[in-house]
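Here come two complexes built around chain A, the first alongside chain B, the second alongside chain C.
== the complex of A and B ==
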């Protein structure tokens, strides 16, 4: 009898959660209730739809947990029951992932602004305009350049770093923490640190050190030849620690006997690396590659803070293009959206290509 | 060919000492079997020979040359690991051939060897599978083939047959003995199974708690144990041990006991009751409760039944004596006569 009640609670909780989530998300459209919370304590929460959404999430999680205890209890026989339990999560995904994607796609066929996104239907004109816009083409080129170098460098460097810091020594524990620290700092702060380091006019640290060796100062961020590299260096520095840690964890999973067997099999260090370590950490490496690639195409904050696309347009990237056109210029939201769709397609195609080309070589 | 010599080997893991001042010589070209209870340091010893778990102190010689600090790869060793340590990302063929590729053996030669040895271990039709697709016993055979194919000077095998079924195990034992004779290599073989130890070994090294209890041929170990541990470790059922009044212990093997219904005329004879009877086909095991304790009797006579009152007698030559320090009291020892009399074995 108690079990039946648990099940009933779980089902009704999840149904309620779905309603709340949908309600919260759609309220502004249907009833025109303000998106902006009212002043004062209860109004601030209740006025907006946020409250509904938060309540929906909490209820959804709670009912799923409840439901899973019922499932473990061997109660569930009905087919629909599991679907009911994951319904809140699915609705959440729909509202916050699927809907925005479709919305961007939808808006990319319009000319409009943030205030009035669908002012005029223009079909594919935004995409055509995009392909003719030299600023966009430069951004795409720069982004690809950045992504290729950045991903390669991060993977190679964190692999080397992981091999180097692999052994259990006190100093290595410290070093792991040290290389991980940049990951904890906001990108914008990192960007400013590196702007100081690479400063040209007032002799940043880098140029000061170089001048000690008699090398004349280099305008790292002010020259179109070095600006992108400076951004890459900053981002590599920031990301290495995180991926080093992931790869070290992966390597620690390899049983020591396997290395010992390889040593007795006369395998050289390189052979051990390519024939044993690399295949055995390939799942983690594969995930790293995908995450890094997707992330690198989204690069924005470091560029914006360090060079703001300059000098000239030598560090303009797609995400900055989207930002500028969607929110900056007048009536170009659609253009920004079409660039966003383009960016997303690149990421999709690349991820699919990785799966097609590399998944075969990943040993699970 | 290569003999191995340990000199004053100590080994500790952190603060835990598992081996202290161990001295041992493993003869060149012999089949040496290391036996001992779990955790006694057999694997540790093999790892010292292989150079992958070096000793904390002491020296390790091979052919009289100090190899204490020699790289593992240069020692000319193949090892079968207790947990196989197969390369999970390579298939069976690649696993077996990896060591040969690394020494740049030509392909035809390699393939010939791989086929030959995978035939021996019965895996010829499994070469394309990955280790995760194999059963435990098949994995073990891959590990075996991977070591055999290298035809090294020294084979180290850490319970290489533990996961095989009885029939396959007997067959692989034969193959290993034959291989050893053919190559004339030094085999160091670890096992829990004393039948395996007795049947395969030229020399048995019996260990306990990081110490060597006895080293000798299977006959010596069985017939002439140095101490209580050896006497009880080898033989199934183990040697019977009974406390005597003088603080020493009397021992005799279950198969030398004569079971009869009347008191024997002379020598050692004790009265008791049969507690259990196990008929194993060719032989029968009885557990007999004496005044001093229980003893096992192994005989071909199955005519006794549980509950029956019997006498057991043992010939003087079949009796062993052990002092309070658990060491053997041999004939000629100061206390031998005294023990023999205390046991009632003296004529």
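== the complex of A and C ==
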């Protein structure tokens, strides 16, 4: 009973200290921008603008100490040792992940540049401007188009490949190695190779090969109709091998008895696929789907290296929009930040939705 | 015996169409690399000649020599940067993630789940979102002209912590307990028991880091503003943007420089790397 009470106290203390730290960070930020004299507030004696932060840290340390007494088991003598072990990792995560997330949210309410990120507070104006900017809307559309086609193609193709290259034969092992290779190569390298292959000039090798089959030259990267497809093809080519290997590994984990039983029951191939293989590999398929979808919204390297958003803006994507506006244009850092917040929210919503929708259907 | 041979032959014929299709697909995946190497060894005139030659008629090292010296590109600088960034990142990650993974795998402490959730959060948030702030932070710290902006932000390898925690959990309790009986310090336990027992996990993480850092293009693009601190992937873009126009044999030669180290690692660790990648995909 006493332990429960101590734990409750420690947890509420920690929550409060996190809130204090957040408030303190905001206070420092705002104090850094405005010219409000700091002497008035809690007083220089109590740390001035750092008052809330100091309070938060003290409260955090105190609650952690308190909470540590309530943890049973483990190495009791070394109560504070694990904190020492995770401290470096946590410091890095705070500086390079947590703070950037909060800061990007903060900066999205300002108009500014890299030199002076918080030049002028504009409230929600960046978001409104974003929703009216045709370049952004096109980028969002293109990104969704890319993500939908890319994810579908990769999932379908890698499933087919996995079924096909499943058996333990030399040629399959060799094919797996070959198909996997592009995954290790830099996206820029692949992008440049494909750009060279898809060259529209007479010496472009893809069009040369296609002409052998009587297909007239296609301006792959120069036409707004085909450019996005060319990028999708490159990315599918690069990623298929990895997911094929994951799915093969998943299929290898299916117990052999289940297959033998199915063969005894004279189950057809399609039936075996839909009733055994698919349900049995669904956890891996599910993870693959989440990783692929989240990843596909970040597409940048291949687009930047193959088309740089062109022709026109037919291959502009969100990540490139953020890049262009955050660093490129004058005083549009906030606009880029608001686009980054948008990108992050899409990914969070999608992840949550996937877990909700699919988790129930997945066989574990 | 004859029966056996006939069955073999029949099976071979039955499988032939499928196997040929497999080879065709393999060709699709290998050809781009072949084409890169092939172009790198052509002269510029031959690279853009019509009809296309599928084997360099005259082996020419024009592309390679012009990358290595004739052109105004300091390859050695880019290469050193790439090597320093890659190994610096791997070293820093190891120093940070081994203790963290050990704590998450072996200790119970107040707030453990929250701290671990932080690690998982880092796995989900893309660098396309975080880089703006990281850039501003690096500018504040006056590090922009150095290699640090390309090393420090990748210090906490969330994926590595996650993976190594899994490995550390599988080390039997008895081994650690007996070490403690022999009054081994925690540092000794980590360095002399945990790390050797999880060698393959650690190697996997290092391989991932190597491939990820060596191939990174986005991060150097947004974090650097002078050629002096840029890695090989950025050299590629510079060769493309040169005033001489798009000289594909030179671009492919530069590409070789990026691809070959990774391919060499792949060849030497072929089975292992495939196993590592697939094993991790499942977890």
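Throughout what follows, the second predicted complex is superposed on the first by the 272 of 364 C-alpha atoms of A that agree within 3 Å, B and C clash if a C-alpha of one lies under 4 Å from a C-alpha of the other, contacts with A are read in each partner's own complex, and residues count from 1 in each chain.
As a working rule, contacts are C-beta pairs under 8 Å (C-beta built on N, C-alpha and C of every residue); 3 or more make two chains touch, one makes a residue touch a chain.
Everything numeric here is computed off the predicted structure, so don't read it as measured data.
Note on chain A: of its two partners chain C and chain B, the one contacting more of its residues is C.
Of the two partner chains, chain B is the only one touched by A:263; chain C is not. Applying the stated contact rule after C-alpha superposition, one finds that A:180 touches chain C and leaves chain B untouched. In the overlay built on the shared chain, the residue A:235 is in contact with neither chain B nor chain C.
In the superposition on chain A, A:17 contacts neither chain B nor chain C. When the shared chain is aligned, chain C comes close enough to touch A:337, but chain B does not.
In the overlay built on the shared chain, the residue A:271 is in contact with chain B alone; chain C does not reach it.
Within the complex formed with chain C, the chain A residues making contact are 10, 14, 64, 67-68, 70-75, 78-79, 81-86, 88-90, 92-93, 95-101, 103-104, 107, 114, 117, 164-165, 171-172, 174-190, 192-194, 196-197, 199, 201-203, 205, 208, 237, 241-243, 245-246, 248-250, 253, 284, 287-288, 294, 297-298, 300-301, 304-305, 319, 322-323, 326-327, 333, 336-337, 340-341, 343-344, 347-348, 351. The residues of chain B lying in touch with chain A in their complex are 47, 50, 52, 72-73, 77-79, 81, 83, 85-90, 98-99, 102-103, 146, 150. Across the complex, chain A is touched by residues 18-19, 22-23, 25-26, 28-30, 32-33, 35-36, 39, 47-52, 95-97, 99-100, 102-104, 107-112, 114-115, 118-119, 121-122, 124-126, 128-137, 139, 152-153, 155-156, 158, 161, 186, 211, 214-218, 221-222, 233, 236-237, 240, 248, 251-252, 255, 258-259, 262-263, 266, 270, 273-274, 277-279, 281-282 of chain C.
Contact residues of chain A toward chain B in the complex are 255, 257-258, 260-268, 271, 275-276, 279-280, 282, 363.
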